[in-house]
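After this come two complexes, each holding chain A, first together with chain B and then together with chain C.
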Partner chain A sequence: MDILFSPQLLAAALITGVLYALISLGLNLIYGTMRLLNVAHGDLVMIGSYIAFMAFSLFNVGPLISMFGAAIICGGLGWLAYRSVFQNLLSNSEILARLEENSLLLFFGISVVVQNLVILFFTADRQGYEYLSAIVEIGDVRLTGARLAVLIVGSVVSIAAVLYLRFSLFGLAINALIQNRDASAIVGINVDRVQMFSLVIGFGITGLAGALISVLEPITPVMGFPYTMSAFVVIILGGLGNLWGGFLAGLLLGFLEIYGVAVTGPEWRSVLVYGIFIGILIFRPQGLLGRGRVAR
Partner chain B sequence: MNNSLRLIGTAAVIVILASLSGLASEYMLGIGFTLFMYIALAQSWIILSGMTGYISLGHVVFFGSGAYVFVLLWGLVPVWLGVAISGLVVGIGALMIGYPVLRVRGPYFVILSFGLAELVKNLVLINEARMYMSLRPVFGAPPLAQLYIAMLVLAVVATALTYWIRRSRFGAGLRSIREDEWAAETIGVPASRLKLIAFALSGLIPAMVGAIFIMRSGIFQPGDAFNPIVSFTIVTMAIIGGSDDAAGPLLGVAFLVILQELLWANWPEIYMIILGVLLIGFVLFAPGGILGWCSKNLSRSKKNAA
Partner chain C sequence: MSQALLQVTDLSAAYGQVFALRDFSCRVEEGNITALVGSNGAGKTTFLRSLSGLLPPRQGRVDFDGGDITHQPSDQRVEAGLVMVPEGRLIFPTFTVEQNLKIGAISKRARDDLAEGLERSYALFPKLEQRRHQPGGTLSGGEQQMLAVARGLMARPRLLMLDEPTLGLAPLIAEAIFEMMVQLKETGLTLLIVEQDVNRTLQIADYAYVLENGAGVMAGEAQDILADPKVRESYLGI
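Let's turn to the complex of A and B:
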């Protein structure tokens, strides 16, 4: 039981939690503003990881720099996706009637295509690289430099993003859209523009998180799916469209997962995440902080 | 008149397909086996997801659980009794978990169904690891010709069941749930009970299919038996076929099984990419599937002619 009180475990939980918070922030933006169920979200993590990996192995550029490239490229993919598909989709009444189901199937198709394209180009093998692997000691905690960097960058970016979305004018517009799409159009918010930027920012943040993750674990074309699941757990836990709740829920899931595995054993990891997920959906679909019913 | 002709024609096709078991080559029987397997799976999927709109992205959970129950019973009971028992056990299991699961609606149900399949897969994996069984061979299974017939029977039963439900009062209730569950409940449709029955029926046949499939593959591995690709293939087949009618999935299944046969062994990635592109294309451009697209365009051309 000693291990449960070690600062080492606390650091591990914080790192996982911050990454979950970051990834689910992107998902929350996309779901909140457009009601798109992006089940390909984890694949953006994967793309971000591969970008960082390529940048390191081809140009010897570290992930702390290439993460901006990953964010820009993934954001660009978001722009492309919005202009080519979702802009039309969101104005098609036949599809809009069952938007959540349709977008889920659509993103599912995209996910399958993307994963298999990456397998064709990079093979299905695990890949990875060494970066800042020297141990840093802070008090009792021993971390590799890379993990410390992930913790710092992840916290800064996610807190900055939450604050920006809460206090800037543009963030207010996004919040308005999350609360009521039609009403925001009436008060003069450019819905089309806000939707596009939500997708761009959501994809971009997730790509950045992917670049950070590439230093922590080996990357594979199918690494994304567990992150998709975790991100859904987080946004349902924190309340759909509730950005601040999602941030706290991300941290909470990180703690639940790391401490749960420490108590039970690594083979229970997936059971834990899926178990929490199913439990929440069945018993508290409005989320832990949520008020009232889930918007349908 | 027309109906009885159709019935006789269908019966003739089934008899011909059954008699092929003694004539066709092992390879052709294998393709037929896969074809019937996916027909049975897709039709079962339609009973729940096509009719009620509760889209299941984890139907492999029934398939895998059926296979697992069957493998645990292997050698203890006669083969076909084992198949029936695995169907029953999974059907009863579906009744038990169905109530809480089906309270979750819309897109959340879709994600939940997938999560549930993964949860069961991981629990089976842990259980097998505890028993030091990474894989279980199934020795002395019946020959392929018999398995082919058994799968044909399941495909016919599943298709007939879907056809019958679609035209019954039960099916009308299920479809009213899909159109508007609140409204359906308001006018007195016992939505929870109907959904639960559909859920159990929808799991019964896939469980037996899983049991028979394990005899064909000769080995049980949790990772294969609960492979999410099976769920995805079922969904894509049903969506490509379109409509909640029994004829829809037949088209989608035939198309994808041929594609799978051509590509799976050598280019699995290409197969998956085509699957994904088809899914995207149908959702965007032909949400009614092949059947829906045909009827829409045919009626349009009729209108133009008139």
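Let's turn to the complex of A and C:
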């Protein structure tokens, strides 16, 4: 069991945890402010990965640059989705009441369409590229430069996002909208604007995470699905709509997964993740740190 | 007649097919306390929800400070100084008292005034200062009502609309809220109050409207309404 105490494994858990934290923060923002169940969320990871892959193979631009492009493009998709579909749906109180259930189907359809479009353009084959593959040694830890870069960038972006959401006035407005929509409107929050930015930021940081992930694993049209599931596990673990709780839960799930797989084996990964999911639903449906589902 | 601060003309509002307010007109003069009374289900809360932009009206027109705001979203109404303290308070339970107050000053006209606004709130409600770092959800009912009023004042309102501000409060605390409303009027603020305590409300109000089944049935000086035999029989049980 020596492996459990290796700094190597700790680094791996941190990388996975930070990425989960980042991706689920995006999902949580979207669910919290609009009650949209974005089951296509992992596909944004996939899109971000393909953007980074194309930037590298076509223009020789590395993911540390192209991640900004991925964030901007995915954020733009969020803007487009809001303006074309959700702005209207959310402003109609009768549709709003049923939007949560319907959004599940809507996003499921979007997910299928997006995956098939990507297969059409890029084939279903695995893609990948070599980037900062030299080994870096820090004390006892040996990891590739790419993994180190992912760890650093992922940590900086996720911590910055969480701090911004916790301490800025705009972050306070987002948190207010997560708690109560009517109350937010009457105190003077521009609900429409907060919703739009939540979708843009939520899509954008997920696309950025996707660009980072492109250096860690093979890029395929269906790579997003496990991230969708993990992100849902994370936000349920942290309490739906609880941004800070979700961030900690992302780190926690990264650790549970990496250490769990180290003890059992990679074929147990799905069993672990879904097992945690079901376990929470049975024993602590309000989430580990959750205050329960906030009232609408 | 002079230009009223708020002028409502033939306003109708509905939930689905059910009209809760029909062709209701009223005006609120600057510097006054205007009261809206009526039994449960008379349409009082519906009226305030329409005025705050939460429920788009079906018909009619609302003018505030000379401008048509009938179809404006809530945040622009707050920006113009039309601010509501809602029924059930709707404070943010996980926010601290201070965060609740800060979010009250999110409109552009109030944002620069935030520090001063906090000071004013704490001077008006010293209890809130003692509890400034406590989550809003842990306050007592009376304290939550104070917080909701203070949050409304943070927006620097020109007209503050209070929906059932004393509902569910102990008599002593309810009386403190009534006294606070008189105090607010003395500072020059205009108030529109919807209240179930008809007697006490009409005592502090200047002008009053009576709503029945979604329609206005009586309007006049609050003193006259209070003295009206029909009102005394229907709402005061005298």
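The working rule: the second predicted complex is superposed on the first by the 288 of 296 C-alpha atoms of A that agree within 3 Å, B and C clash if a C-alpha of one lies under 4 Å from a C-alpha of the other, contacts with A are read in each partner's own complex, and residues count from 1 in each chain.
As a working rule, a residue touches a chain if its C-beta (ideal position, glycine included) is under 8 Å from a C-beta of that chain, and two chains touch if they have at least 3 such contacts.
The shown structure was predicted, so the numbers you read here are calculated from the model rather than taken from an experiment.
On the superposed chain A, the positions of chain B and chain C stay apart, so the two partners fit side by side.
By the touch criterion defined above, A:Gly275 reaches chain B but does not reach chain C.
The angle formed at chain A by the C-alpha centres of chain B and chain C is 90 degrees to the nearest 10. Of the two partner chains placed by the overlay, neither chain B nor chain C lies in contact with A:Pro266. With both structures placed on the common chain, the touch criterion links A:Gly139 to neither chain B nor chain C.
Between chain B and chain C, B touches the greater number of residues of chain A.
Look at A:Asn180: by the touch rule set out above, it reaches chain C but stays clear of chain B.
Contacts of A:Asn190 after superposition: chain C is touched, whereas chain B is not reached. Measuring only between alpha carbons, the smallest separation of chain B from chain C in this overlay is 17 Å.
Common to the chain B and chain C contact sets on chain A are residues 94, 294. For chain C in complex with chain A, the touching residues are 16, 52-55, 73-75, 78-79, 83-84, 86, 90-95, 99, 102-104, 106-107, 110-111, 151, 155. Interface residues of chain A facing chain C in the complex, by the touch rule stated above, are 93-94, 169, 172-173, 175-176, 179-180, 182-183, 185-192, 291, 294.
Every residue of chain B that touches chain A in the complex is listed here, in rising order: 53, 55, 57, 100-101, 103-108, 110-112, 115-116, 118-119, 122-123, 125-126, 129, 232, 235, 239, 269-270, 272-273, 275-280, 283-284, 287.
Residues 37, 39, 85, 89, 94-95, 100-102, 104-106, 108-113, 115-117, 119-120, 229, 232, 236, 267-268, 270-271, 274-275, 277-278, 281-282, 285, 294, 296 of chain A are the ones that touch chain B when the two sit in their complex.
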